[in-house]
Structure formats: C-alpha cells, structure tokens
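Each of the next two complexes has chain A plus one other chain: chain B in the first, chain C in the second.
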Partner chain A sequence: MIAKYWAQMRAVVRLEMKKTFLSRRGLWVYLLAFAPVLMFAGHDLSMMRTREERRAIAAAHPVPAGALLSIQPGMTREEVIARLGEPNVDSRQIRFGGGRIRREFLSYTDGQSRYVFGFADGELQSISVREEETFAQDRLIFATVFQFFFLRLAIFFGCVGIFTNLFRGELIDKSLHYYLLAPIRREVLLAGKYAAGLIAAVAIFTASAALQLWLLSLPYESSLSGHEISAYLGVAALACLGYGSVFLAAGLFFRNPLLPAAGVLIWESANLFLPSALKKISVIYYLQSLCPVVASPHREINPVLALLISSTEPASTILAVAGLFAVTAVVLVFASRRARRLEINYGAD
Partner chain B sequence: MAVYKRTYKGYSGALTAAWSRFLILPRYSFGRLFQSKFLVLFLMACFFYPAGCAVFIYLSHNLSFLRVLNVQAANLLEINANFFYIYCTVQATMAYLLTALVGPGLVSPDLVNNALPLYFCRPFSRSEYVAGKMSVLIYLLSLITWIPGLILFLMQSSLAGRSWIFANWWIAEAIVVGSLVWIGVLSLIAMAMSAWVKWRIAAGALILGVIFVGAGFGRALNAVMRIRGGAMLDLAQDSFTIWSALFRLPGAGQDIDTLDAVNAIAAACLICLWLLFKKVRPFEVVK
Partner chain C sequence: MTPPPVEESLVRFENVSRFYGEVLGVNRVTLAIPPGITSLVGPNGSGKTTLMNLMTGLIRPTRGSVRILGVTPEDPEKLFALVGYSTQFDAFPKGLSGFQFIYSFLRLFGWPREKCERLSWRAIGRVRLNDAAHRKIAGYSKGMRQRIKLAQAIAHDPRVLVLDEPLNGLDPLVRAETIALFRELAAEGRHVIVSSHVLHEVDLISDQVILLSNGYVVAEGKIQGLRSEICDHPMQILIRCNRPAALAARVFELDSIVEARLHADGGGLLVKTRDAGRFYRLLNHIALDGIDIESVAPADDNVNSVYEYLIGGEEPGK
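And then the complex of A and B:
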C-alpha cells in the first residue's frame, strides 16, 4: 500500500514540477530570489574596479600610509601638498555662500584606503577615510542581508507565490477537479503538491544563497568555512520548509490567502519586539537561531523602537531543527484534514 | 413586431455629462466592495486611531490642572506638527493595508472577463476608465487619511483658539498634500498590479510586496554597495521624507534628500501609469 502511495505521490510531483518551475505566474519568484545575487555581483564588480584603480594610482603616485596619517586638521593646502605631493584623483573645487567660501577636496590613496581632505579657504577642515572593504565586514553584511532581507522577505514572499498557488491557483484555473476525480487519497495529493513546491522553492532559494556566498568570497582570498556555508544553505531550505507548509495550508483554508499571509508577515516582522515567550511561536526565531552569524537589527532603526527590542537566547540547533519539522508536520496534518473535506465551487471561488 | 424590423438603433435617451462619466464606475464598485463584511469591519477599524486622537485633543484642552501640576505631562499633551505627523504615519499604514484589500479587485476582473471592449465601445476614454477606477481608492483612502486629519485639525483649532490656526495653518496643508501624495502612489501601484496580475491574490501579494520588498532591497543595497541611494526604492521612506519636509520636522527623514524622495515617487508613479496604460486597451492580443 505504501509503495502505491509513494508511486502516486511521485506522479503528482512529476505533474506539478513543470507548473511550479516554469509557470508564467511564478516568474517573479525568480526575480525575487536572484535580486540579491545581482546586488552582490554589482558589489564585486565595483570593488574589483576600485581596487585596481587605487593600486594603479598608488603605483604611479606612491604616498606612504604614515604620511597620510600625519595630516592633521588646521594644516594649509600647501603644507598638505608639500607632505604628500600633488593629489592624484578627483580633486575638485566648490564655492559656497555666493562664492565667498572656497571649498576644495584633495584625494589621495595608499593603494588600499582613499583619503579625502576637505579645505575651506585653504585650511584643512575634514578628513574622510574610506578604507578598503574587508572580508569580515562583508561577512557581517551578508549575515544581515540574509536574515533581514532574504529570509524575512525574499523567501517569505517566494513561498507565498509558490505554495498558495498549489491549491488556490488550481481553483482559479478551474483544474483542481481533475485531481479530485482521480483515485488518489487527498493526503497523498497534498503531500505530492507540497513536495513539488518544496523541491522548487529549495532549488531556487538555495541556488540563490549559494551564488551569493560564492560572490561574497570572490574578491577575497579567504572564504567562509564549509560549516558556515552549509548552515546558510540549510537555513534557506528550512525556511522554505516552514513557510511552505504555512502557505500551503493558507491556500486551503482561506479563499483569500493574502489575509493570513499579511498576518504572518506582520507577526514575523514584529518578532524582534515580541517578548521571549511569543518570539518562540514564529518560524523566523528558529531560523535565526540556526544562522552562523548573529546580525544586529538595522542601525537606522527608530530609537523608540530600538528600546522595544527584546533579546532572547537562541534555540539550540537540535531544538530549532526539530521545532521547524514539528511545526511543518502539525500544519500539514491540519491541511490534509482540510483537504479531505475539500469541495470545489468554482463559481464561488 | 417582425424580427427583420428589430434592427440596430442608436441610443436616444439622455446622456450622462461627459465630465462626470467616470463617476459611474465607483458607484458600481462601491456596491460590490461593501458586500464584504471584512472590508466594512476593517474600514471601521481604520477610524479607531483618529477617534483616539480626537479624545486626546479634547483631554489636552481639559486637563489644564495637569499642566500646572506636571510640566512633563503638559509637554506630552502638546498638539503640534509631530502629533499630526504620527497621525499621518499610522493612517498611511492603514491606507496601505486597505489598498492591498481593495486594489486587486479593481481592474483584474475586467481584464479576466474581457470586459474592457464593453467599456470602450461607449463614449468613454481610457483616461476616464483609469480615473473612475482610481477614484474608488482615492475616495476610500481619503476617508481614512486627510479627511479625519482635517477634522482633528479643525477640532484643535476650535479648542486652541484663532491664534493657533493662524500660526499652524501649514499643518493642514501638510496633512492634505502629504496624504494625497501617499494616496496617489498607493492607487497607481494597486491599479498597475491589478492590471498586470490577473490573479487577485497574487496582485494583493505584489501590492504588499512592492513596499516591503522595496524597503528591504533598498536597505540591503545600501549595506552591500555602501551607498545611500538605495533608500529611494523604499516608497514608504520616500513619502515619510516628503512628509517630514511638509511638517517641518528635519530629523524625520534622514536617509535621502526631499528632492530625491520627490523624484523617486514621481518615477514610481510614471512607471505605474505606463504599465497601466499598456494593459488598459479596448483589445487584447492573444498569442
């Protein structure tokens, strides 16, 4: 009997796979998933170009780092030029206050960092140092983007698109009755559809995460450890598993799954501010616990809201993984019960 | 009458005035929208905060003894530009959720059922169609944003005296202009999504997603590329920046300049209009 169910499930997965991967309705999911890849690719290109430029300038006009550090506010333009030589990049003059104040910016580089000295009427007033980006900085930025954009928004909305489409999309297309008329248990149908959605979501989002990780380490000699890489890919897959089950159930229980989706979005977004006990009733809490780097909330967060952020100990790896699987199993059991009683009224839907 | 005599005859009855034809669409849309109990409940919920604000304004003028006793409490009860800015922020959030509920059902049913030729075979232009559909959202969103805002302003004016209204008339202007900017952006996004995504649920998700994902992507772009311009993708932030300028609160919108915010909003509106007019046509090419 199990072998029969298994064969039926594989048949459903086979049928659903093309619809899930190649549906026109789901093309925006690819855009959402691969937008961060474009972002990291752009960053790599810009970084490599800047690095080459700075090294070429430093080779043509060598300026020792010690001399750059010796420059102090209050020095005159001539003193700075005497110590560092003629500026090599992007020097410009601007006049303020109807031309009364003459501002000038002189740029130097030691091959790694860029120093911009700002003069007002020939006197040094500001020193801006733009240091070369480091792998440690980019690793932290990746962790923040992964947790606050990729998990909370890209995978979330991607799963809304993929999993609500499995049942609700067929209702809209008036094609679900073909499945319901086939001699197949509703639970098997649900499991097959969920498996197809999960395979598609995991393939799309883990591929995107893997590309992002590759692009992250591309401009550097060092790279993330195998443990970190597998942790990020695993978290992306678990996010698809958790959110997928929720939105599959939403597609079955609600005529308009947008309402539960908006509710879940608000709940997951408010997770930062929830008390410890409530934090644990969310998917994002377990996913964040599994992330290898702790990303702090956005630095530009409203100070009043920042006061409301509550810190909670992350869940242990075993508990987090088991928790996500348990939540998924419970949601799927409820969804399969609903699927058993599912009746179609295309007119009403 | 013999069948062969039933030939086509042009309509000879009274015509609706050309300028008001677009108002026919909202009349039918409202009839359909208000059949939804959830929408009616949500619309009622949208008035809770303005009602709370009205109570707050009333109390702030009737607890004068509190001012005498406690200076901090008096500061807390001050009704100023910041109070109305917060009011606009809260109501803008409600307006956004209301748009996600109402917006998807505006254009998509006409496209799904190939009903556009039925509109455009009448003396009714595409602009009138767009204006008619948009007026549904404009009316509903106005009802929960600037109209109660102006009522609160008038209430405060009547309680605080004539000098207050002369000193703060620009707050009323900020409420109206700021709300209309937000309503315009939301309406155009909703209409464009509704026209391009025929599945209502997906259109609703996209309306939600445009603001949330735009904000998240903009911040991620800022962090990864070490720039500040990514904030322009966050339409809510752009609107808040414009409001902060209108309400003369310099600290409220720090990420981008007001001019950049205006440009971003204008660009978003133009893109939505282009998308909308590309879809709203009296014919459909079926490939």
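And then the complex of A and C:
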C-alpha cells in the first residue's frame, strides 16, 4: 500500500513540476528570488572595477609610503602637494561657497583606500578616507539582506505564489476535478502537491542563496565556512518548508489567499516587537535562530521604535528545526482535513 | 467469473438532497440505475450535473446517501477504480498534449508506465484521436476536446461511465461514432450515464431515461414509453456551416422539417424538425456532399415546454 502511495505521489509531483517551475503566473517568483543575486553581482562588479582602478593609479603614480598618513589638518595646499605630489585620482573639484570661499578637494589612493583632502582657501580642513570594503563588512551586509529581505519578503512571497496556486490556481483554472476523479486519497494528493511545491521553492531559493554566497566571496580571497554556507542554505530550505505549508493551507481554506498572506506578513513583521512568548509562535523566529550571523535591524529603526523591540534568546538549533517541522506537520494535517472535505463548485469559487 | 450481486450492480440514490446554501440542487431523489445507457434529461438548472457530481463525490449530499455499485463516493480509492467521469468543464491542465493528459492521470492510479501507455493509446484509439495525440490540447477544436475528455474517462476501463453533455460540439459524423461507442460500452455490461438538456438527442441512444425538473425527478423509465410523445414535439437545431442557404434547400427533402430559417449572423441555419433522428442521418449525407458543417447543436431552449407536454404541465412535487 505504501508503495502505491509513493507511486501516486510521484505521479502528482510529475504533473505539478512543470506548472510550479514554468508557470507564466510564477515569473515574478524568479524575479523576487534572484533580485539579491543581481544586487550582489552589481556590488561585486562595481567593487572589482574600483579596486582595479585604484591599483592601476597607484602603480602609475605611486604616493610615497606613509606620506598619506602624515597629512594633518591645517596644512596648506602647497605643503600637501609637496609631500604627496599632484593628486593621482582624477577627481579634483573646486567650488565656491556662499561666502566666496574657495573650496578644493584633492584625491589620492595608495591602491587600496581613497583619501580625499578638503581645503578651504588653501588650508586643509577635512580628511576623508574611504577604505576598501572588507569581507567582514560584506558578510554582515549579506546577513542583513538574507534575514530582512530574502527570508521575510522574497521566500515569503515566493511561497505565496508557488503554494497557494497548487489548489487555488487549479480551482480558478477549473481543472482540479481531474485530480479529484482519480483513485487517490486526498491526503496523498495534498502530500504530492506539497512535495512538488517544495521541490520548486527549495530549488529556486537555495539556488539563489548559493549564488549570493558565491558572489559574496568572489571579490575576496576568504570565504564563508562550510558550516555557515550550509546553515544559510538549510535556513532557506526550511523557510520554504514552513511558509510553504502555511500557504498551501491558505489556498485551501480561503478563496482569496492574499488576505491570510497579508495577515501572516503583518504577524511575521511585528515579530521584532512581540513579547518573548509570542515571538515563538512564528516561522521567522525559528529561522532567525538558525542564521549563523545575527543581523541587527536596530540601526535602521527609529529610536522610539527601537525601545519597543524585545530581545529574546534564539532557539537552539534542535529546537528551531524541530519547531519548524512541527509547525509544518500541524498545518499539513489541518490542510489535509480540509482537502478531504473539498468539493468542486467552480461557480462559487 | 461470478456476476456481482444485484445490489452491487446498481447506482443508488437514497432520498438524496443537495442544497447550495439556500438554493436547491436536487431534492429527495431516490433512484436505482441498472447497467445500460441511462440519460439524465432536463433543462439547464434542473439538477443533472448535481446528480452526476454527487455520484462522483465532487460534491456531498446534504441529506441521504449515494452508492455506486455498493461503494460510497467518500472512498475515492475504490470509487474511481469503478467510475469514469467526463465533466461539462471545458478546461484542462495547462501545457499537456492529448496523450500526456490521459497518461499523466492514469499514472495517478499507481500503475507502471507501460500499462499506462498501453491504456492511454487504447483510449485515444477508441475516440479516434491518434493523429492528434501528441498535439497540445490547447490547440484542439471543441469536438476534439470533448473526445479527449471522453478518452480520459474511459481509459481505466471503468464499470460506470458518467458523461455530462458528451455530444455537445460534435459534428454529425463524430456524434454518430461517439453514440456507437456508448452502445458498445453499454453492451459490455457497463453503466453509461449521459446527461443532456435535449430529450430528442438521448432518445436515439438510451435504454432508460430520468427526467429532471427544478431539482426533482419527474419521470423515469424505459425510453419506449416516452418515445412516441417526444416524436410529436418539434425540436430546434442550429447548424453552423459555410453555405446555410444551400443547406436550407437540402433539408426540405424531409417532410418532418417544420421550419428552416437563416441565422441572424448569416453563418448558420435554424431548423425545426419533428424527427431529429432522420434529420441527423440526412446531415451525415449533406456533410459528405460538400457543405462544410462546422457544428451542430440543439438550439431548443424551450425544453420546459417538452416537460409540460410530457407531464401535463404538472408542477413537480414540492
């Protein structure tokens, strides 16, 4: 009997696979999933170009060693040029302020950082150093993008698109009855459709996460540890598992699944401000607990709102993974009960 | 092989009612349908599709019970090994060819690939769609879509075949072939339950008829009892073709033609006849004589008048 159910599930997955991967309705899922890839690719290109430019300039017009660090405010323009030579970066700017003050900016590079010296009427007033980005900085940026865009928005809405369509999309297309007229238990049908959605979602979002991680390491000699990489990929897959079950159920219970999706989004977004006990009744709490780098949103948040943020100890890895599986199982049980009572009444749907 | 007990060879409705909110679907229906061709006949909204959906578990009765050869629709694993249903919905899973459509849904039975392929080709052959089997269904004509649905319903060799308006959109030749297929299936001892809103249409093919009106069964029984009365009632048919005027000249070869007039859009002919059977046979000849017939569809919206005629205008028992 189990062998028969497996065969039936595989048949459902085969039927659904093309729809979940290649549906015209789902093109935006790819855009959402791969938007961070484009962002990191753009960042890499820009960074590598800047780095090459600086190194080429420094090689062509070397600045004496240690001279850049010896420049102090109060020095005159001539003193600076005497020590460093003419600016080696083509970015000299001259402006005239409201009080007819002559302002000038001289830029230099040692091949890594860029130094911009600001003069007012020939006297050095400001020194700005734009250091080359480091892997540690980019790692933190990745963690922030992953937790606050990729998990909360990209995978969330991607799962809305993929999983709500598994049943609701076919009710709209008036083709669900073909499944319901086959000698297959509704629970097996639901499991097959969920598996198809999960395969598609995991493939799309872990591929995107893997590409982002590759692009993160590309400009640097160092890279994330194998543990960190597998943690990010695992969290992306678990997010698909958890959100997928929620939105599969939403497609069965609600005529317009966008309403429950909006409700879940509000709940998940408000997670930061919820008391500790309520935080734990969400998918994002367990997912963030599993992320290898803690990305704090506090810097981006209004200080008044920051006061409302409650901090909660992250769940242990075992508890977080078990919690996600438990939430998924409970939601799928409710969904399969609903599927068992499902009637075809396309007119009303 | 021992024949099944009588109880298990019937499709049974026991005092079945189904309401859609406050709207009546069917009410207090008690039926025992034996093997052979049974037609559910009634105007739109009379409850034909509701009865068919109840038989196949797509909807559940509000009251009463349904059993198909002893199996309840609540048990899809057993039920759909016995039942094939071609619905009225003209929708298909996207992107599939005719063959893929039948094959993919046969795989849901859990059968091996070779068996599913064999059954798919057999079903496609029975509805004569071999040449179009590898084309996408999205490119099929209405008649081809009807036939591929029929093939899907019969592919697993069901003992009970439920067909909702299966002759809609078929041209005369295919209609005749399809009717022959129904007869063949019924002769093999199967239940072939067909719905139609045109009494004259099913008159040609049915062993028994169930007349429905406003959700009630108003008459049921052997077709012979109703036939003579039906024949007296003229039926209106719309024929879409390339030369409606030439067709009009031909149809008056039959003395049973009461009226023929060109359709307002100039692309068809409305014919009123007292003998639909003879008219369809004549159409077969006309189709072979060079008039390009695109579709033939009963245009008699006044089926209620047939009911009033048959049941003396009596309101169904409410």
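One rule holds for everything that comes next: the second predicted complex is superposed on the first by the 341 of 349 C-alpha atoms of A that agree within 3 Å, B and C clash if a C-alpha of one lies under 4 Å from a C-alpha of the other, contacts with A are read in each partner's own complex, and residues count from 1 in each chain.
Going forward, contacts are C-beta pairs under 8 Å (C-beta built on N, C-alpha and C of every residue); 3 or more make two chains touch, one makes a residue touch a chain.
From a predicted model like this one, the values you see are computed outputs, not experimental measurements.
Novice: Taking chain A as the common reference for superposition, should the pair chain B and chain C be classed as clashing or as fitting?
Specialist: After superposition on chain A, which the two structures share, chain B sits beside chain C with no clash.
Novice: When the two structures are overlaid on chain A, which partner does A:Lys4 contact: first (chain B), second (chain C), both, or neither?
Specialist: Only chain C; A:Lys4 stays clear of chain B.
Novice: When the two structures are overlaid on chain A, which partner does A:Arg55 contact: first (chain B), second (chain C), both, or neither?
Specialist: neither
Novice: Between the centres of chain B and chain C, viewed from chain A's Cα centre, what angle do you get? Round it to the nearest 10 degrees, please.
Specialist: After superposition on chain A, the angle is 70 degrees.
Novice: Examine A:Arg83 and indicate which partner it touches, taking first as chain B and second as chain C; both and neither are also allowed.
Specialist: neither
Novice: Touching A:Ser46, do we find chain B (first), chain C (second), both, or neither?
Specialist: A:Ser46 contacts chain B only, not chain C.
Novice: Could you tell me if A:Ile184 is touching chain B, chain C, both of them or neither one (first, second, both, neither)?
Specialist: Touch status of A:Ile184: second partner only.
Novice: To be precise, I mean the smallest distance between any C-alpha of chain B and any C-alpha of chain C in the superposed model; what is it in Å?
Specialist: Taking the overlay as described at the top, chain B lies 9 Å from chain C at its nearest C-alpha.
Novice: Once the complexes are superposed, what residues of chain A are shared between the chain B interface and the chain C interface?
Specialist: Correct list for chain A: none, the interfaces share no residue.
Novice: Would you mind writing out the residues of chain A in touch with chain B in their complex?
Specialist: 25, 28, 32, 35-36, 39-40, 42-43, 46, 133, 141, 144-145, 148-149, 152-154, 157, 160-161, 164-165, 168-169, 172, 256-259, 261-262, 265, 298, 300
Novice: Please output the residues of chain A touching chain C within their complex, sorted ascending.
Specialist: Its residues touching chain C are 3-5, 7-8, 10-12, 14-15, 18-19, 22-23, 170, 173-175, 177-186, 341, 343-346, 348.
Novice: Write out the stretch or stretches of chain B touching chain A in their complex.
Specialist: By the definition above, chain B touches chain A via 38, 97, 100-101, 199-202, 204-206, 208-209, 212-213, 216-217, 219-221, 223-226, 254-255.
Novice: With touch defined as at the start, can you tell me which chain C residues reach chain A in the complex?
Specialist: The touching residues are 20, 53, 56-60, 76-81, 83-85, 87, 89, 91-95, 104-105, 107-111, 152.
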